[in-house]
Every structure is written in structure tokens, then in C-alpha cells.
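Single-structure report; data block below.
Labels A, B, C and D are assigned to the chains in the order they are written; within every chain, residues are numbered from 1.
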Amino acid sequence: MIRRLGACVLQLAAISFIAFYLFSVAPGDFYSAERLSPQLEGRSVDQWRAAKGLDEPWPERYVLWCESALRGDFGTSLAYGVPVARLIAPRILKTALVLMPSLALGWALAFSLAAWAARRRDRILEPVMSVAGMSPEVILVSLLLWLAVWAGAPLAGAWLPIAGLTAIVVPLVFLHAFSALTTAREANFVRIARSRGVPRTRLWTRFILPAAANPLVSLLGPSLATAVGSSLVIEAMTGWPGLGPLFLEAVQARDYDVVQAVVVILAAALTFLNLAADLLLYRIDPRIRLRV
Amino acid sequence: MSDLVRRLAFLLGVLCATLPAQPQHGGVLHVAQRAEPKTFNPVLALDAPSRDVLRRIHADLISIDRTTQTTVPGLAESWTISKDGKVYRLKLRKGVRFSDGEPFTADDVVFSFALYLDEKIKSPQRDLLVINGRPIECRKIDPLTVEFLLPQPYAAAERLFDSLAMLPKNILERPWRAGRFNEAWTLATPPQQIAGLGPFRLKQYHPGERVVLERNPYYWKPERPYLDSVDFQFLPDEDTQLARFTAGGVDILNRLSPQAVQFLESRGAALADLGPGLEYNFLCFNLSPGSPNLALFSQQDLRQALSLAVDRPAMARIVYRDRAAPLWGNVTPGNKLWYSADLPHPARNVGAAKQLLKKANPSGKPIAFSILVSASSAERVRMATMLQSDWKELGIEVNIVTLEFRSMLDRVLNTRQFDTCIMGLGGGDADPNSEMNVWLSSGGTHLWNPNQQHPATDWETEIDGLMHRQMITLDYKARKAIYDRVQSIVADRSPMIFLVSPHVVVAQREVGNFRPSILDHQTLWNADELYLIPGKHR
Amino acid sequence: MIGGTLVFLNTWSVYYGAHRAFGPLDLRIGAGGKIGIAGASGSGKSTLLASICGLLDPAARTSGAIEITGRIGYIPQESLNSLSPHLTALDQVAEIAGSRERASQLLASIGITTDRQNFYPHQLSGGERQRVLVQQALAANPDVLVADEPTANLDEANEALVLGLLETHQAALIVASHRETVFDRLQCRVLRLTPRVDARLASPPPIPEAAHVTARVDALTKTYAHRDFFLRQRQGPHILDGVSLVIRAGETVALSGPSGAGKSTLARCLARRERWDSGQIDTGNRPAQLVQQEPSESLNPRWTLAACLREAAPQADADVLERIGLSAKWFERSVSELSEGQRSRVAIARAVLAAGDGLLILDESLASLDASTVRDVAAFVQDAQQSSGMACLLITHRLDLAAGLAHRALSMEQGRLR
Amino acid sequence: MTARIAIAVIVAILIAGPWLYPVDPIAQDRDAANTGPGAHHWLGTDEYGRDLAARFLAGGRWSVLAGSAGTLVALALGWIAGSAAGFAGGLADSLVMAVSEWFMAVPWLYLLVAARAAMPLNLPPRKAILAIVLLIAAINWARPARLARGLVLSLSQKGYVEASRGFGVPAWRILVDHIFPGTTGVLVAQALSLLPRFVLAEVTLSFLGLGAGEPYPSWGGLIVPLRHAYLLRNQWWIMLPVLLMLPFFASFALVSRQLERNYRVSR
């Protein structure tokens, strides 16, 4: 287990480094915009930069960041002047508040659809889903908005981002679940079991679903990754007070402590979900658990 | 059907808004805002969202009446100016209290200015209060009188006091002395620890979601404000703002995009078109020594030719759906005091432009350059697109380079690696003094060739002289004459090609005493007078 | 229709596209009846059985009449994917038998002890899996048992067990096999899809005197070690335990033993397809050529025969096909057009060509092949041994083959030669 | 089958566009700005009075090309890395897989911002966008790589691969002769499902402030207005080009799915 965790930590370190480097290559910094204000002298802007240590070369800044990060301090937001942790904590909760339901909903919906389609060898749903899977979030949300107003639904609250996210998750999961189930139900041992007169429900619960499980379990991580990525945009558009608006704002404003923190936290979440998925795989698949 | 109902409701709303109805107390005003405030500390606030909220919480000594654009008494009920214009003596109102009940005295004023001028704090307002490198001095005469000493005569100095929040010494002095002022009054500070002199005081802050202000019981104006509270909702996406507005969750919208205006029109919403604002959009040539195309752009004929070939009315029509004024100078028609009407407005003339171009480029070798524009401003990208097709008729190949905002600023203000760029200025005050840095050749925002040791051209020298003169001229008419001259020089030499000035358009639902203005804050500047028209709000 | 008839076929045939898999065919079986289906591989045995069990794949077309009365119990040819990898042996049977107790009895009755009953298919040996499949079929106590090559790759002991099961069960029986012995043992009427062939094998050619050593193995030892999920080293049991062996030019050595004894591992080591822990292997300048079960697998279905053969032996030409009983015209044909058995012939022939004067290993390659194929292939191998002095290691559980083809026979158990 | 025909037809139309409908896609007919479909402008005009039909055709030609380029890069990188990992196994394998995981977790936005900002000013907008698309493609090698690895892993355990190893065939020959041919089916399927994503990448790019290639048309650029579908309801015709794209994308998806299924069956 230790080794495994070690690998994860190493990965996080690598990600934080790459992110920080990429950040440093982007031109402009947090105070670029202030230079444009006629009421401000260039000197004062320079003083601000110096005060925040923005004029140091990026390797030093990265080292500093690592030190404080290891102490559990993710630095202070340039824009907000408060510790990043305080800034992010409430928003993570909000994001989770839309992520979890939409993932659950999306999986449930997609899976039952896929099972239905697989059972009656449906041919239409698949292409439809794969087209739906392509549509970018920005467009999806604005169409949703349109629908909502047209239907006179309330626009405040969580349902709008949840709906948007679900719409992102469903096609992704459906396509995988569908192909997994169709392959499983054609599997040799399933056909034999069927010929042995195993009742349909047993056939699905004991034979088909376990066989289809592996690809789906390994989809957990990617599906979360996609959902998180989309949630950033969707939250920003629907004005949901999660990480999304903060992150995009911070990206544009070059508020690097915030960006760095968000990236690392999300990356960590994903890494450990993948780990969990592997653990699950290890539990449910005897071929992995019990090697000869 | 429902549309008809909406129109009727709208008409009714207009009636109620126009009839001298008796203002009603109570109610919550919902306002949509693009971004959330970054701090509750007015001394450190850099960004518009913070200021928009803070100015409802705090008050200034002398304010600028947004409708007349002239100064009116604020916390100071009267003031006198010495003959030489160097000494300002302000008389404070009696019995004014902070929102926590503490009395407001001259000490607070002196303290506040000490904060703004403190080098360590590095307040963004500091540069305004430093004239030619020498700060304004503030003295207490008696508990209700303060005196300001200017290092030199400074025209319309009283305008400087506008939106300079007066702060409570008893709360902020300790952190300041402890050198921890920058941690005071952040978003993490509990609301009751924040006190101001404005009509409202902070009630709740929901991170990323909304800021709620409540009525300040100690507000100095009797019977004010009418509203119980103001609710700022943070909606980054305009479409969502509009959806909420039409659904009734938001009462006031600011800074509407052309598309949004058109949409609201089609929905029959109560729009107020205030005509052109102070923002002027322009194309700026890069005339710095290191400019990639200096030889080309330093030819005035070329610049004028390009300016002549621009179809400004079409730009106003297409980019802003006719809600914009074509510009030939840097002062917009919206700027009542400083707009110079007698500036020439040559119509588009490709023929004449071609003539000029021949002079500038006798060899007739193909001319090509790029326009730098921020991708985040759809309007300016559109302007670039139109310029490109306008100038194609002169046989000029223009390459549009859209960059993410800060990358673009880095090129324009830092590396200076660009041919031309499209930008806009004029967010601040209407007074010329607020734009010294744009027109002085030594200025950091002298965009075509910033931070010069010595003016590169004689006309820039002249502008420098004029700007310095107008700054110390106290008589308005004389100043106006000087500033008109500046405008005509810039227009004629056209180091910038002025394009259009968008109208300020705002929307509201059944808000009484709604008197929007083109100056910040466009709709809430008179928040203490706003009230909700009864019977229309859920 | 006649009372007591369980399966009735009338001019029954199955087509894949234009190609007819078998038929037209008449068949009737009543209670207690026993029919053996014989025929060369590719003659449609499996298809016929599948069609009776209603397991034809959707692509197939049928003509003629089929009537099934009574429950069918299908015993597929053993392979990993005929049992669910997610269920223990016990559950596999319990799903059919209804109760775990009954399932447990059934399995115990065929020598699968209670501890091994909780193993998953991939942990069981081929023989055990085959037995589980049989019991699964019997658990549904069917009226007709349909068994497809039930003993194809079982060692003697397992074969006896499985055939015993089929014999004792009272249900009618349809069994397909390529081995007459099965039919004799079960005393069933034999239905031939292709005429019987004389499968007598030519006796092995004499080994030339003072033949040099082609392959030498010294004290070969190997244990399986793997990292488990938590990346810990896991020490496995000894697969090879000090194996020493010498094979001379032109010699054929038969190697038999229970499944899991390490025969295949030894073969893979000789062919340099696996590493070993200690000991030496010397097969001269080239590794041994290994042909495994399902020889046809070793031909790339996208290629032509020519391409396949030339990959191994650049000088190969069409008459190779003649010598293994195929037509030279097929030289340029695609592998995918050939039947299972035909592919196996080509595959083995190719290995022989590649081996040259080196070592050829046939690891159960002949097990699933019909008699005529075995005969032709064996002849081809023996030619090669005579002409080029190729040595051959024949791994098989079939004593008849071992006796017919090998100069000497070795047996292996728990990684040791005896 | 119908899907394949549909693709062929649409591509044919795109190629023949300039002859079928000879209108300049960037000429601004400002008096006819924002007009609906009509005899003059089949699909109406945009806010500058540029002909949407012409822009649809020209944009399609370009976007499909750019998209294919992106797909090519992403798949080429992914397939090489993936099959190398799958074939070599061992350390190389785990290394490639680890790196691919990083690639999927890191925010590349900044790289795009920086790259765009670093490009020379005289670089035509289209080339700039193309460069960005290619960059995105280069970043997105990870998923294809993982796919390819899986395939190669299963293929390299096939009997015929082990056999030719036995014959002493060099590794590169095995890759070329046996393994790559085995992956082509899935490769094409992937390509078909990736191409539309690259065409659409531009939409997200413009949302993130990385700009569109004004004044030149592209399908991504034509979709961008849909972001304001809510505002632009009274200019319904801006949706027409998008509706025309749908069958194209749909048939791509269909064919891609078919190919994948065929592969699954053939295994």
C-alpha cells in the first residue's frame, strides 16, 4: 500500500510542478490590468509586484510554494488577500454539492438506459448519445437556460448546474456501459448459462453485470475527471458559487496561488479516486485478486 | 398573451416611476454583478466589483452629482477655497454617526487621509492625492473642520474627495499601528466589525454567491435610505443575469452588452438609454522607438488616411446596434463639461484617404500590419473586423491578432511588441486631471509612446505644456479652452484613431427614484433614494 | 410425431453465408439413445451441436426441420470462457442446481473437494473445469446431453472420470469427438459427417548413430513470483524443479503428465518465451520452435498462406501444401478461408520448416486434431526428422500418440521429470 | 452504410462549395446585416452582413482539414507511445502510463495562452488557430495512447505474434506486420470520433478567451454564437449552419461505432 501511495504522491508533485511552470510561461501577471489605469503611476504597480514577490524568478517561487504547501499552507490569494484554504473550502463544498448528485444521477440514468438499450439491441440511442457527447458545455448550458426560462422554471439554486453536468456525464457513461453490456451478454458463458435455463434476472445479476463491471469501474476516474472539468465552466455560466467561477477568474487574473491550489486538490481527488477504483477492481475481479 | 401582460406591467412600471409617487420604505433590491468583491477594505480595493459594493457602505466628504457631473456637499456641508487655490477648508456636518453608532469627527478624516497616503499600505488612491510628487496635507482645525493644503494650485481639487471613503479611526487605528492594516476588513472579517458612513452596512457575505447590505440606522440623511437591504448577486455570465432578470430574481442590470440590450428590448423590459458614456474606444499606433513598424506609422499622412477610411457610423450601427456615438476625439458627447463640439467630424472618404496614402507611400509598395485586440471584448474584436474590411479598400492587408486580455496588456504596456491595438479608456471621472497619464508624454498610459524622458515630437511637447497648464488653471472657461486645444491636436495628429463611444444602457424593474447616470456607479449612485414601487415585488 | 423422440432432425443443414457447415442431415434420438458425431475437424460437428442447443450465432442460416422435445444439457468444449470468471466452481453449479448443498454434492462426486469448490475457473485445471461443465449440464437433469469434444484436452485420469459421468447418467446422449475410443467407451451409434479415415501412424524413423545433441537442459528451475495489488512480492510454488533433459538429432521424445505439472512451462522456456530462475538451456544457435494448443491461432488471419510460410522459411513454396494434404492452389489464399484443421496443418508445417535441424516442440498441438490431420502432420514431421535431423519434443496426454510417434516417453509431475 | 454515404455527400458538397455557391464568405454587405434566409443569402447573414451559407461551406472546408490535422497528430503520438509501451512492457510501459496520467490531470490552458501570445503578429489568424489545435492534439495523446496500449498488449499475446518471435523476426517487423494492422480498425474508429471534437475545440477556446480566427470562417466560429442562444432567439437563422453540421457529426459517430463493434466481434 505504501508504495502505491508513494506513486500517487510522486504524481501529484509532478503535476504541481508542470502546472506551476506552465503558469510562469504565460505572459502578464496579476497587476497587468492595473497598469492600464490612468489614475495609477507605474511605480506603484511595480511596488505591489515586488511586495508580493512576483518579480522573483519562477523556480524560487515554486520552491517557496512547495515549502508552504507541505506545511499545509496554500498561500494567499493576490486578489482576495485571504488564505487560499479559507477561500476554497466553502466553494469545494458547493462544487461537491452539484458534482455528487449529477454523477449519481448521470450514472444511474446512463446505466439503466444502456441496460435497456442492450437488452433490446437498440441501434438509435448509441449514435444519438455519441453526438450529444460532443456538444461543448458552453452551448449545452445556454440551451438549458433557454429551456428553463421557456418552461418558467426557477433559475436560482443547484438544479441548473446539476442538470447541465448530468447532461455531460450521461453520454460518456452510456457509451461505455452500452458496449460493455453488449459484449458481456454475447459472452460464451452467458449464452451457455442461458441455454441451461438460468432465469433472466439471475442471468443479469449473476452473469452479465459482473462481466460488464470491469470496464465500468475503470471508467469511474475518467468520468469524474470529465465532470470536474465541465463543472468549472458550467458553474461559471450558471453562477453557482463553486470552484468554477473562482478558478476561471483566478486563471484570467493570474492569481497563481489559487490556481495552483485548485489544480493540486482536483488532481489529488482524481488520483485517489483512480486508486479507489483499482482497489474496487481488485475486490470484484477474482482474476486480479487471486493470481495462480 | 403573456407578452402583452408584460408590456402592460412595463407601462405601469414606467407610470409609477415617472409620477411623483410617495417613496415607500422597506423591501430588498436585487442587483446583478459580474464578479464578487475581493475585499471590504476601501483603502485597498483595486477592482470595480469591490468598489461598487463598498461605495454603498461608505460615504465621501464631497460627491460628484452623477446627473449634473458637478460637485455637491457630502459629509462636508460646505467648503471654501483660498485665492491661490492651494488651501481647502471643509466644514463637516454635525451629529453624523458611523453605522456602529460611533460619532464621525475631523479625527476620522485626518486618520483616513493618513491611511490613503501611507506609503506602506500602497493604496491605489494614493497617486491621486500626490500632485507632482508632493502629497496633499490634511489638518484638523476643530472637531468639525478640516483643512487641506495642496502643494500647488490644482483645478477642481474638490473632485478628488469624491468616493474617498471616510473611515472609523477607533476601529482601524489599532491594526494600522500594528502594521497589519492589510489584514483588516477582508472578506473573512465578521460584518459587525465593519462600520461606514454610507446608507447601508454589511449584513452577510456568502462566498461566491451574494453580498447582502442592510439599512444603516445611523445614516445622516433623515428618513433615508428607503430600502431595507440591497442584495448583490454574483452572476459571471450575462445570459444568466438576463434570464434571472426576466424571471424576476434581479431588479437592476448594469453594463449591458449590445446583444443583451437588443434582447431586453425584444422582451419589452424597462431600459434606460443614457446616451454615450465616458468610454472611448480607439485604435492606437505603436510609436515607441522599438516599434516593429515605426517608420510606417510615424508618417502622419498614413495615420490620417487610415482614420479617414474608417466608417464610424457603420461601426456604431453594427457593433453596438446603433447604441453608440461615432468618435473623432477622445472626449465623448456624454462628457457634459469637456466635450468640444467644434472638433471636425470628417465623413468616411476613401478617395481622399487614397490620396493621403499615396503621399505617405509614393512607391505604392503593399502595406500590411496587425491589430492587437483582447479576445475577451467581443465588441473590440468586431471593431477590428470592420477596420480590416474598411482598410482593405485602401489595399492594406490587416491581420487581426486576438489575445487573452493579460497577454495583450503585456505586449502593449510591457514588451511594446505590437503594430496597433484597439483599446478603450475613460472609466473614471469626467475631469481631464484624471487622465494626465494618458496625455503627458511621460505618462505610463501614454499608450502610443509611454514613459518618455523628453517628448519625441513637438506636438507632444505642446500637449505636455497644455496639460500642465490646465491642471493649475482654476477658471473653468480657460481650462476648457486649453483642453479643447489638446483634443484638436490629438485628433489632427491622430496617434490614436478614435472610433466609437458606446451608450450606457441599464435595465430596472419597478424601482422608484431610478436616476441612472453614465458615471460610476451607473444605477446605485443614489441608492439611498431608491425604493421599490409597491405591489410589484414578490 | 413418434412418442419418446427427444431430438428430431430432418434434412437439417446450417450455412454460413454461401458455405454450408454441414448437412442436409437426418437424426432422431429417443430416451436412452446414444449417438456419437464423428468427422474431420471443420466438418461441422460443433455447429451441429450448437444448432441443436439453439446456440448458433445469429449470422448462421438454417434449412430443414428441427424438433426438440425435452430439456437439453449442453457441454461445450472446455475453455476459459465457457465458465463465468466471476463465480466459484460451487456457484457455477449452484446457479443451475438451485441449492449450494446439491451443487456441493455433485462436485464432490466427481472428485472436486470442498476447498477447491470455492476456487474460480482460472484457478482450476483444465480437467477440473471440464468436470465442472459436465456437472453444470447434469445439474439441470436434462433429457438429452449434448457434449462437444468433452475429453479433447484431458489427461487419461480426467478423461476416464468425465466419460464415467456421461455413461452413468440416464439421459440420452449426443457426443461429438474426433476420437473413436470415446465412442467405443460410451457404446454409441456413430454418425459420420466425413468418412472414416485410416489413422494408423507410421512408426518413428530410426535415430542415426552418434547423433549430436540438439537440445540440452540442465537443472532448470523456475518459480512463479508476481507483485500483488499492493506491489508486494509474492513467492509462488515451484513450476520447474531441477529439470534436466537431453534430446538428440532426429529423436522424438514424448512428455506426459497431469495438467499443471510444468510441461508447458518447460516448453516455453525451451522456446525462449519465458525466463527461468536457474539452470541452463542449450538449443544450439536457434531457439526451439513451439506449437501450442490450437495451432491455428499461430497464423495471422489477415495473411495469405504464402506470407505465413515465408515469414518462417523464406524458401517455402506451394508444394509444402501438397505434402501436408492441402492443394497447392491455396498458396496465395488468405488464412481466414481455411478451416480449423487446415490451418493447424499449415501452422505445424511452418514450425517444422522454421525448426530446420533444430528442436520442434508440439505442446498438445495434436490433441484437438482429427485423425487424418494427425496422420498427415506426423508424416510431415517424420520426413523433416529424416531429411534434416530435426529433433521433436512431443507434449501430449494421449498415450496412443506418445507410443506411436516417440522413441522414448518421459513423464513429469510437480516440476520434476520421472 | 447510409452514414458513410452521408459523410461522402457532405464532404463532396464542401469541396464543390465555391462552385455551387460562389459568394465571398468574408465580404461585408453591411446594409444586409442580420437578415434572415432569402434568395440572396440562402442561410441569412451575420451581424456584418456576411453570407452564412458561404461561411458554412468555406468554414467547413477549413475546419474539417484542421480537425483532421489535429486528429492525425493526437493519434500518431498516442499510437506510437501506446504501442511502444504495450509492446515493450516493463519499465517503459509503467513510465508511459504514469506520464499519460499526469497529462490528463494538468491544466494546459496556460500553455495555450502562452503559445498564442508567443506567436508572431504577422501569423494569419487561421494558422494561429491551427497551431493551437495542433498543440491541443499534441497534449491529448494520453487517451489514445492508453487505448493503443491495451490493444497492443492483447495482440502481442496472440499466437501468431509469439510464433513470429520464435522465428527470430525483429521486433519492428512484428510491430509493422502483425500489430499495427491489428489496430487499424480501432484507429479509424478513434479518428472518426476525435475529428468532430477538434472541430469543436474552437468553441471552448473562444470561451476561454483564446480568440477566433476573424474574419475567416470556421465551423467552430459558426457555433460560437450558440453560446448566446438565449439572447439570439430572434435571430434563429444563426442556428441553421449548426443544424447542417449535425448530420455530419452524427454519421461520423455512427461509422465510428460500427467500426468499433466490428472490431469487438472479430476478436
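Definition applied: a residue touches a chain if its C-beta (ideal position, glycine included) is under 8 Å from a C-beta of that chain, and two chains touch if they have at least 3 such contacts.
Being a predicted model, the structure only gives us computed values, none of them experimental.
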**Fill in**
Note: chains that touch chain C and chain D both are A
**Item:** Most extensive contact between chains (C-beta pair count)
**Value:** A-B
**Complete:** Closest to the centroid of all CA atoms, by its own CA mean, is chain A
**Request:** Sort the other chains by how far their Cα centres are from that of chain D and give me the top one.
**Result:** C
**Fill in**
Between the Cα centroids of chain A and chain C the separation in whole angstrom comes to 49
**Distance from the mean Cα position of chain C to that of chain B, given in whole angstrom** = 86
**Request:** Between chain B and chain D, tell me the centre distance in angstrom, where each centre is the average of that chain's C-alpha atoms.
**Result:** 43
**Prompt:** So what's the Cα centroid distance for chain A and chain B, whole Å?
**Reply:** 39
**Multi-partner residues of chain D (at least 2 other chains)** = 113-114, 117, 209, 227-228, 230, 233
**Asked** Of all the residues in chain C, which ones touch at least 2 other chains?
**Response** none
**Prompt:** What residues in chain B touch two or more of the other chains?
**Reply:** 239, 243, 376, 404-405, 407, 410-411
**Request:** Write out all the pairs of touching chains, ordered by chain label.
**Result:** A-B, A-C, A-D, B-D, C-D
**Message:** Residue numbers of chain A touching chain D in their complex, please.
**Reply:** 7, 11, 14-15, 18-19, 22-23, 25-27, 126-128, 130-131, 134-139, 142-143, 145-146, 149, 179, 182-183, 225, 233, 251-252, 259, 263, 266-267, 270-271, 274
**Asked** In the complex formed with chain B, which residues of chain D make contact?
**Response** 26-28, 30, 33, 47-48, 113-114, 116-117, 121-125, 128, 206, 208-212, 214-215, 227-228, 230-234
**Message:** Can you tell me which positions in chain D touch chain C when the two form their complex?
**Reply:** 158-160, 162-169, 177-178, 181-182
**Message:** Quick check: in the complex, which residue numbers of chain A touch chain B?
**Reply:** 26-29, 32-42, 44, 47-48, 51, 79-82, 86-87, 90-91, 94, 142, 145, 148-149, 152, 154-156, 236-239, 241-242, 245-246, 248-249, 252-254
**Asked** How about chain B: which of its residues touch chain D in the complex?
**Response** 238-239, 242-243, 259-260, 262-263, 266, 292, 311, 314, 317-318, 368, 370, 372, 374-376, 381-382, 384-386, 388-389, 399-405, 407-408, 410-411, 417-419
